[in-house]
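Residue numbering begins at 1 within each chain, and the chains themselves are lettered A, B and C in the order written.
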Amino acid sequence: MKRSSIVLRCLVLVYVMALLGLPLFFVFQQAFSHGWAALWAALHDHAMGLAIVLTMKVALLAVPLNVVFGIGVSLWIVRRPSWLSHVVDVIIDVPLAISPIIVGLILELAYAQSGWFGSTFARLGWKVMFSLPGIVLASIFVSLPLVSRQVIPLLREVGDHQEQTAATLGAKPTRIFFTITLRSIAWTAAYGVTLTLARVIGEYGAVLIVSGNIALVTQTLTLNIGANFENFNAYQGFVGALLLAMVSVMVLVFIGVARHRMERKRHDSFA
Amino acid sequence: MGYISLLVMIPLAALLTNAFKGGLGAFWRAAISTESVDALKLTLVCSFLAAAFNAVAGTATAFVLVRDKFPGQGILNTIIDLPFALPTVVAGITFYALYGPHSPFHVNITGSWIGITVAIMFVTLPFSVRSVQPVLESLSLDAEAAAATLGASSFRIFRTVTLPAILPALLTGTGLAFARALGEYGSVVFISNNLPYHSEVASSYVYSLVSSGQVASAASVAVVLLCLALLVLIASNVIGRRLSRRHG
Amino acid sequence: MTVSLNGVTKTFGHRLVLDNITESFADGQLTALLGPSGSGKSTLLKIVAGLTPLDSGQVVIGDRDVTHAPARDRHIGFCFQDYAPFRHLSVFDNVAYGLKVQRVPRDERRRQVEELLGLVRLEDFANQYPHHLSGGQRQRMALARALAVKPDVLLLDEPFAALDAQVRSELRSWVRSLQRDLGITTILVTHDQSEAMEIADRLVILNDGKIEQAGKPSFVYDHPATDFVAGFLGPLTYLDGIAYRPHELEVGAFGEAGENVRVTDVTRLGFEVRVTLENARGETTWVQLTHDEARALNPVVNQTLVVRARAEHSVLTRTSQH
């Protein structure tokens, strides 16, 4: 073992642990700093409970929509290419380059009462801004390409020969989709879904604007954490952060497993 | 298609019309107001510093992940993705608690460009690592071995053989990190203290305009910020592609 | 079952890939669609399968007009060059796929799959996954999978191209005998003329989206209808502007009947010997001698010999040397 590579290894470990490991550890340390009883009490905080319910609602709506959309648009772009799908292929990555604050702003411009559709929606009795639909919309926006970015390259790599073979064996399109296509992209799609879920649960800036950040009503868990922290209730904030940190650790573990499985699949392939 | 236009295209169009509602003059006045220019400058400088530093640190990390073997490497590889998984607001309050007025290490970097840069470094590290890592993995060791038999030093081998191969991916990854950094909000907003003209980043400034009802001005600054991010993305893509063509 | 194509035309963008193809593939025969890459042969196969839509024309299988029928209703078996194994399914489930689609009951399905696996000699691999198989085994699995649904027509796209030489020749003769035993109408796409000559009852030679010639391999070889077919099916050599197969020319000692030529090169390729010759006008030609002929004549460079056409040669075409 050369000395230079040990030095490099140590430098990297120190950097990564200081930048990433330490904050993660610190969240746990802060949340447990007042003992179990205090933690137990803080977990029963009414506002935080409502925020958790709202975040779950948003995730249950936004994630399935984006997964269906992500897989559908990937199939369309890869298997039925046209000029329109090429345009979409470019547009679909745009949300990744937009600041969450700007996402919030543009949704407000389009869907607030004074915005483009706001008045129409208001007449129909739909309230988009400062309510659940707006938060779902913002969550969908920021996580829009996370599934398709993973699935599109894989679909290209796998090719359509398996699907066409299944067709010659008498299978109908829906059967081909569920027994062939979906099976071959399963782990990659799951990886994209996990990224989507993490992004939806963790979104802050965009939701901050579209929700209006009304405590007990439109406050998601991230907003609740931010509000507690700013209102000199840092401990309560860290208890919320603890919950999200635990979710992220689960997400990380799953991402690790999924990536391992994806690599093994690729390794097994022989095309 | 409807989904995309409803979500992306129509709101973007709304942004543009609002930014230019008062004419070019109003747009320009909002965009180059002192507070706006200071915020944009600060954002650009901090984002650039963080992205550039992570280009180096991320390459080193990718190197250690691909070429080195040691127990616990799997954990290192997993934790790299933490910024993708951990909500920005959690990172934001944690950095404030770690390096703020009540810091356990007695360092206070709130309200300064240092704090903002550190927060952005956190958010952008995986972009650099994950762009370089696959290229390093697919890179054959033969060329490096050949260079070594010619008596080249390790640094020379890195500079003349390895670096040119990973440079396109590194540039694209750094560009992505830079663009992402320009719009970062949640992880930055707490540690920056948001002092106008001093420690207020662009996204924070846009937010303050929105919450004070100055939507048209907010739209103007947002357009500038958006254009900067797209410019960075396009530039890094074009340069990266050109480099990769040159090196086959 | 007979497959008939009637005026099949296909364009990709502005490129005419298939130009008014009319051809019939006889029941129970193995026909090779032979042509260089880009000749349209694979596209034609996919049109028969219903995997690629055609611009105009008609596809008839047996007495059914299937021009507008989707692939799943055509009762065909199709094998891709890469075998397209279902990677996530075991060998058994790969072969069972079509039967499952047809809702064949479980026990009957098991019996049929086992029979097919026996036929392609993969009984011991039923529970393995495709990535555990060799190239040749994967191909046999793909064949079994295609045959499981008892197709009317078997369509094979470059079935041996991805295999190494040894396995390729083994599989070729195995596929040939399997096809004879089953008596299934088969269309096989290949760019390899020796493969086509060896395996096929009939050749259909495609070039540039048009059929150049169709017929029995030996007939087409000896009586090519066009320069392209003549050149594509085997090497040609020219004497006085007439094309010959290399073995159809013979050389003799100086003074015999024939045209005087100077030897410019002698190449020994195992059992045959290739001799390059130049006549007084500076035109070159080459002939192929057997080992014995070469020993009797013992040609050396710069020696003068005569060259003439053998008595029983088949004049190919009145091709002129370009």
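To be clear about the criterion, contacts are C-beta pairs under 8 Å (C-beta built on N, C-alpha and C of every residue); 3 or more make two chains touch, one makes a residue touch a chain.
None of these values were measured; they are calculated from a predicted model.
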### Task
Would you identify the chain whose Cα-based centre sits farthest away from the centre of chain A?
C
### Summary
Winner on contact count, chain pair A-B
### Task
Averaged over CA atoms, how far is the centre of chain B from the centre of chain C? Could you give it in whole Å?
56
### Query
If you average the CA atoms of chain A and of chain B, how far apart do the two points sit, in angstrom?
18
### Task
Take the average of all CA coordinates in chain A, do the same for chain C, and state the distance between these two points in whole angstrom.
52
### Message
Under the stated contact criterion, what part of chain A meets chain B in this complex?
### Response
4-5, 8-9, 11-13, 15-16, 19-24, 26-27, 30, 69, 73, 84, 88, 91-92, 94-102, 104-111, 115-117, 137, 140-141, 144, 195, 198-199, 201-205, 208-209, 222-223, 225-226, 229, 234, 237-238, 241, 244-245, 247-249, 251-253, 255-256
#### Entry: chain C residues touching chain A - in the complex, by the definition given at the top
49-51, 70-74, 76-78, 80, 82, 84-88, 97-98, 101-102, 129-131, 138, 142, 145-146, 148-149
#### Entry: Residue ranges of chain A in contact with chain C within the complex
159, 161-162, 164-172, 175, 179-180, 183-184, 265, 268-271
### Query
Along chain B, where are the residues that touch chain A in the complex?
1, 3-4, 7-12, 14-15, 18, 57, 60-61, 63-64, 67-68, 70, 74, 76-98, 118, 121-122, 125, 154, 176, 179-180, 182-186, 190, 202-204, 206-207, 210, 215, 218-219, 222, 225-226, 229-230, 233
